[in-house]
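As structure tokens, the structure follows; a few thoughts come after it.
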């Protein structure tokens, strides 16, 4: 059977009815990267404090954006989020944000995790823009890329494998950013 | 002289003081892509109506997100946005969103344009997720990539070159998504 | 026994305590009309695309407003909305918006449906205001009217009778769509 | 010349560019009515306190909704509102809300005034719903109607004619407050 | 065993996972005071109507802020609030706000009650600022103080002891505002 | 002449009309304290990282709340905030938050500064609540106190005296929290 867009019902966008779905534990983890200049990365790595400032602000932005998802993505349901974790991985040219969202609800939380990742990366951009800008005020190097859902689970119980304890998580997704079909 | 993070003043994150900057016309355009399955792209291209539905919803989401930027990115100023245009380019594996934001204000609107692009792409993802998901509910192909600022201007007067009239705009940015430093 | 205003308890406005009410499926449908000039209606009917644009934007506005109801109506509870449908009926002088809201919650969702209808009609007004305005910038013909709750149900299970499949729903309310000025 | 929908530019909804418009004083006044049962009106008239409660809550809701207009109506600009007045007229079967909005800005504030009126009337409905509902939980009499823009002005200076000092303002709209069903 | 900050997990702020906690009835009551000039208190006491205006506005602000808590306090969960009561006590130099919040949820609602109290007191300040200000526009006397959690309960059932029926509630907290360590 | 409540005009709450006021630079600084247990203060002082986490989160909350003031305090105008600084002073039993807000606008920003202080202190409370709670889940020691406007200025130009460079700022306000009339 062919798949259909569930948000579109005979020509009308709607919020899909999930009334009959069960309230079960659900988890989604998403990840994305911001590409930055070496100078910015060096500055962030240099000082514990500055790093704290940029990433702490991005972390708060991510948690708030997870909760604000139904305002940002019009057809998303308001889901009672029960937990959010945000982690960062600092590479040579990139900072990656990983956001894990949990709920006990009627529908998955991958859009919430993706929204959290986007807000974290946008906030990093905003915090470092004075260093990333060239003389014309433009951004020759800066970009956001590779925003993906890493995993999604549902069930009666689930074990939270914490991002920081699992360094190889996104290897499979990160080899190339070209889609493989 | 070495560049500094303007949002961080001796260890404290703050909202940069722009009181003394002039209210001048400013414009920023940003662009990003969502990578989708061929089936999704085909469905979106097939029907005028469905296409209208997915992209019309994403367009509204982008305009609302542009206005909501100071809530999503913590250190952003509340800027009186005077105009927003959102356009889409449908490729074989991607849909690109281009958002142009204008203001007459004290600081640039690139974060607003980037936030609009992010909201548009997240909304497309949400609208097509029933087709993109595999049997386990995961997204093997879907990703958001290549979010960049295309251009930024300020001045007393500026000419609005409209996205749809300028098909070659983002060629330079799109050849590769590897940063070239 | 005389009825009392439940939101007013001995001289103090409050949010009524629903802690002891059951989480059951609930549905409400509301409807309202905007009276427009014949020129506006003709333009909307003429082009599939323009119609799509005006009404698609109003539909998204309605879904978002349904979710935002507890911010707009101060004493409303935050109810976990499980589904929203928005439909439009184009008459000769009017466009009607019908919004159906579902939840599994502790209290009814008629205020959510009414708020969705109001947002849809206000958005239509905003989208067509350049055609509706006279030379002085005023609106001699435009008005919003007839906002009502069509039906409200609760129970363990309910059958969703979809607006578009039920053409006679609002006969009583719709005897004429000619405004009486 | 034929009028065009300014929010729709060749098939794309957008936020109209007002960058080149002047910041001038602007005023808009809108009015609408809620039709209620005689019992509700009697209760509201009876007690000074209860009247205060219902209408004071609706007044606050209106002012907040005026400020929230660009979130509720997607293509609306964020306008720096400089003043809001909300007044009520209690008839035999209706309560009318009149909202006057002022700004010094680049575009008119009639959508803000209309949104304020809508929020005031929805809030009244919510406050009195325990009295308006019949045994099935439905609303046989309640409706919102006659939402209109009363007047709109712009200029270098304007005289604020205060609603309460000008009893004949809405004569044309108020010939009867009896609903015609 | 030493207590730990639950919102901080090995150097990372996060939203604490409450997935496994039960949905049980919970109640919290908080209280705080605003210190005002005698002239302001006298004016508020003098007229029934003015008192109604200042305090009715503060009451609405409190209820809305209770619902907005997860937006204001970044790591707070979105809890389905089932009831809110706001009461005021007018002293000689102070007005106290008491906010009681109920839920059937997975975590306590003391932050919601405290946020409601804060919003009520800030709104009173805003409403009376023309009287409180000295000639330089400053506030020599005005302050907010003594914001505390009065009580917190959880259980299968709880009896709501209404603030107004229990005049001695906050005696213990009010004797001194010096902390007793 | 007797002072009047400007937000109340003959029995009706309204948003004061500031259309005719000039857009001039304005600054307000407010300060408040949260009283905490010695154990909490010790933990916050102990680790650079934890301190960063609690206070960095409170700082972000304050900046966001400053921008959200017109949503929290109903009659506040939406003012284009041009800068925000948040600082903390850690005492033996207290943490003080100082928030400085700047604008070029038509009305003062003291309510914004006070709202930022309140949000910072509430966020600190939320972050440390696991340590502050006793076995019954209550807070025997925790309170918020002494929220005041430290200074307010307007003019064509102003010198920003930065909180951290001026350690004696609030001596006068802190000797006692009893009002001195």
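Per-chain numbering from 1; labels A, B, C, D, E and F assigned in written order.
Just so it is clear, contacts are C-beta pairs under 8 Å (C-beta built on N, C-alpha and C of every residue); 3 or more make two chains touch, one makes a residue touch a chain.
In this text, all values refer to a predicted model and were calculated from it rather than measured experimentally.
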{"item": "Common touching chains of chain C and chain B", "value": "A, D"}
{"item": "Greatest separation from chain D - chain, by CA centre", "value": "A"}
{"item": "B-D, A-B or B-C - pair sharing over half of the C-E contact pairs", "value": "B-D"}
{"item": "Which of A-B and A-C has more C-beta contact pairs", "value": "A-B"}
{"item": "Furthest chain, CA centroid comparison against chain F", "value": "C"}
{"item": "Centroid spacing, where centroids are CA-atom means, of chain D and chain E in whole angstrom", "value": "31"}
{"item": "Distance between the centres, which are taken as Cα means, of chain D and chain C, whole angstrom", "value": "16"}
{"item": "Separation of mean Cα positions, chain D and chain A [Å, integer]", "value": "40"}
{"item": "Of all residues in chain A, the ones touching two or more other chains", "value": "12-13, 49, 53, 56-57, 60-61, 64, 68, 71, 74-75, 78, 80"}
{"item": "Touching pairs among all chains present in the structure", "value": "A-B, A-C, A-E, A-F, B-C, B-D, B-F, C-D, C-E, D-E, D-F, E-F"}
{"item": "Contact set on chain B toward chain C in their complex", "value": "48-49, 52-53, 56-57, 60-61, 64"}
{"item": "In the complex, chain A residues that touch chain E", "value": "25, 56, 59-60, 63-64, 66-68, 78, 80-87, 102-104, 160, 164"}
{"item": "Residue numbers on chain F that touch chain E, as the complex places them", "value": "3-8, 11-13, 32, 35, 37-39, 43, 49-50, 53-54, 56-57, 60-61, 64-65, 68, 71-76, 93, 108, 110-111, 114-115, 118-119, 122-123, 125-131, 136-139, 141-149, 151-152, 154, 177, 179-181"}
{"item": "Of chain D, residues touching chain B in the complex", "value": "9-10, 12-19, 70-71, 74-75, 77-80, 106"}
